[in-house]
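Look at the two complexes coming up: chain A is in both, with chain B in one and chain C in the other.
After this line comes the complex of A and B, so read on.
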């Protein structure tokens, strides 16, 4: 039943490792840049706010595939030599996902009521204490479910690096399928791998969702 | 750093590339619109099923949503395109694979089925936001259960979820770019094709970005009109 998958398992698993690595770098970079984007979106300095807002609105209205292509075409010009698909994919994912993470962070920050901050100040807490003990813990708890969901989306999105020839799980599966022509079991296998991992992720996300509702 | 690159924006309009781009844009619009109709109809049905009084109906809809949300769209598309015809057995498979423009139909249906799972979630959330009193008020006027959904709850929920549906409508055009992986010659496919002929993919993709931004603006404008046309009296809507 799964003979073609079984025969090519080492090759497919090596592809899955590429998927995991790409997801890892995309998340680390995307969340780090996302923090800066989130800060930029609540900045009181007009030029920072407008620059970041332009960047966010631009990227969020463009298909990810196009962003991947664009960086694949532009990187060799900047670097001056042809670039491997992997670093090129990592850069496009960081630039793309940061806008989504940035908006989640901004929404989390803005969801904390101003009264609560005022109340913290009135108890004699300093700006940093308020941020450290009131703002960040509450905002963090509120945005955690969305952050996990967006991480799952990022993980699914890495399959799109297919288009620049990155040998991740889906690319390798389609290569194997070209030789074996066992599409049902091969693509079924990929679907099951993604389904199980993403479903587990969504369960975790839902648990934090419940916790969020309990907190204020 | 030296920019050893000569920009040639002419690839955006010079023959035959300009025509290719226009053909691509036309396909992107077709894919988005037709798949959107499928997604909307199926999404509303599934979303309603998720609050049905029969547990197995709810479970069926939940299973659909979970499966389609937790598998990347690219994988779904590959499955439908490569494995789909095989599911019908040998003889039918050859007939199906012989259909001209099969990838186009698969892309539309695949995109519709995928987006339906996302629409269903918004529909369910829309139902959840309607107060219980509304249901009871509808029943107390003598409407049957079916009539209550048909004339009160569904029209009400659909209006509430117009803003999230706008986002999904935007997303469907963006996701239609994935259809290039099965060879549908939409906008993104054409930019890649222009690159392989001219090595000026940068200009072509930049042009395509503008195209997607314009489509996005069009969608926002359209949905804004729909939203103000169907605004629920007494509710504070967006300006």
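After this line comes the complex of A and C, so read on.
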């Protein structure tokens, strides 16, 4: 019953590899830039705070598909030559996801109470010791489930890059469908691939849910 | 040991502490009471430099807290602090909570710090809880771990910020007993508390604060028997039922 899928499997899997690569770069870049965004959002320097907050509010109120689209058409004007869909998609995703990761990091940081930090200082620990042994481990533990969830969302959203012609899994499936006209089985296959991988991810995420009995 | 001279602090336009004068000698226990928002907790945080102040001076062992050249991290090693809501590190066991600063700050070996921590846990009455996480301890047990954590740095002064106000009534005594032991053992203590029984038993001086000012001070008996100001009388009549 998956005959059209089997016939085109190498082509489809090559598309899935593009999906995986895009997810990988989007997460590495998104989390790295997200750390800077998170730091900017808790910065005491007004101009940093307002600049980063403007960027976060702007991006978070625009649909991802528009960011991908818009960036693909604006980049050539800035760089002076056409840009391939893949780097263009990677950059769009990094810019978009960084705002979400940044907010998760900020929330994790702010979940650690001021008094707890002061308690660490009161034992004579320095700023760096307090950050390393108290702030970061607690904040990281608390934000891990959200980080995993957002990573899964990013992975799912990579299919939106089909609008700029990136030959990832969904785009290739739709090309195959144009020849084979087996929409239900072909897109059913894509759904199964995403379902299995995302479901595994959500199991991992649940494993890290804050344990009530330990309270963190 | 601690000398506070004409110290004032503002949050923006709002004055939280106004011209505080106080001397605490080695071995003394001073209890600070007063309505909420009177500046008691802020006073403690100014003594160990967790909060800055704008005027006056605080000297701990002759070292000025507000002097920019003072190493506050070093100064705080001498001043243990216990918080209202315990503030134990949730990701560490009771033992790790106690040994963290001795290992990282005083560079003690793990064995040495661990041995000392076990002694302290025995002293506060919960040697069997060394490997428990804070979330698995009762409030009273958590507060006793917090006291042990502060004592592990071998401080010369212990400050308590309403150490029993977040506790269920039946746990207050177990914490107060540890504090009474400490006071009687000669520790210099500054205690923000409304536990007047405790104050009566161990306080060398009781201070009443309101609106950022020290309104009245006295030794235990004279403070309770004939408070001078109306505000102190009013306050005492509300907490001594």
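By definition in this document, the second predicted complex is superposed on the first by the 210 of 216 C-alpha atoms of A that agree within 3 Å, B and C clash if a C-alpha of one lies under 4 Å from a C-alpha of the other, contacts with A are read in each partner's own complex, and residues count from 1 in each chain.
Going forward, a residue touches a chain if its C-beta (ideal position, glycine included) is under 8 Å from a C-beta of that chain, and two chains touch if they have at least 3 such contacts.
A quick note: this is a predicted structure, and the numbers were derived from the prediction, not measured.
S.K.: In the superposed model, which partner reaches more residues of chain A, chain B or chain C?
M.R.: Touched residues of chain A are more numerous for B.
S.K.: Does chain B (first) or chain C (second) touch A:160, or do both, or does neither?
M.R.: In the superposition, A:160 touches chain B alone.
S.K.: Is A:184 touching anything from chain B or chain C once the two structures are fitted on A? First, second, both or neither.
M.R.: first
S.K.: Tell me which partner A:4 touches in the superposition: chain B (first), chain C (second), both or neither.
M.R.: Neither partner.
S.K.: Touch check for A:31: first (chain B), second (chain C), both, or neither?
M.R.: After superposing on A, A:31 lies clear of both chain B and chain C.
S.K.: Could you look at A:119 and tell me whether it touches chain B, chain C, both or neither (first, second, both, neither)?
M.R.: second
S.K.: Do chain B and chain C touch any of the same residues on chain A, and if so, which?
M.R.: none
S.K.: Name, in rising order, each residue of chain A that touches chain C in their complex.
M.R.: Interface residues on the chain A side: 113, 115-116, 118-126, 129, 133-134, 137-138, 141, 213-216.
S.K.: Which chain B residues qualify as touching chain A in the complex?
M.R.: Within the complex, chain B contacts chain A at residues 1-5, 66-67, 69-76, 78-79, 82-83, 86-87, 170, 173-178, 180-181, 188, 191-192, 195, 201-202, 205-206, 208-209, 212-213, 216.
S.K.: Which residues of chain C touch chain A in their complex?
M.R.: So the residues of chain C touching chain A come out as 45, 48, 50, 73-74, 76-77, 79-81, 83, 85, 87-91, 100-101, 104-106, 133-136, 146, 149-150, 152-153.
S.K.: Where on chain A is chain B touching in the complex?
M.R.: Interface residues on the chain A side: 58, 61-66, 69-70, 72-74, 77-78, 80, 152, 156-157, 159-160, 162-163, 170, 173-174, 177, 183-184, 186-188, 190-191, 194-195, 198-199, 202.
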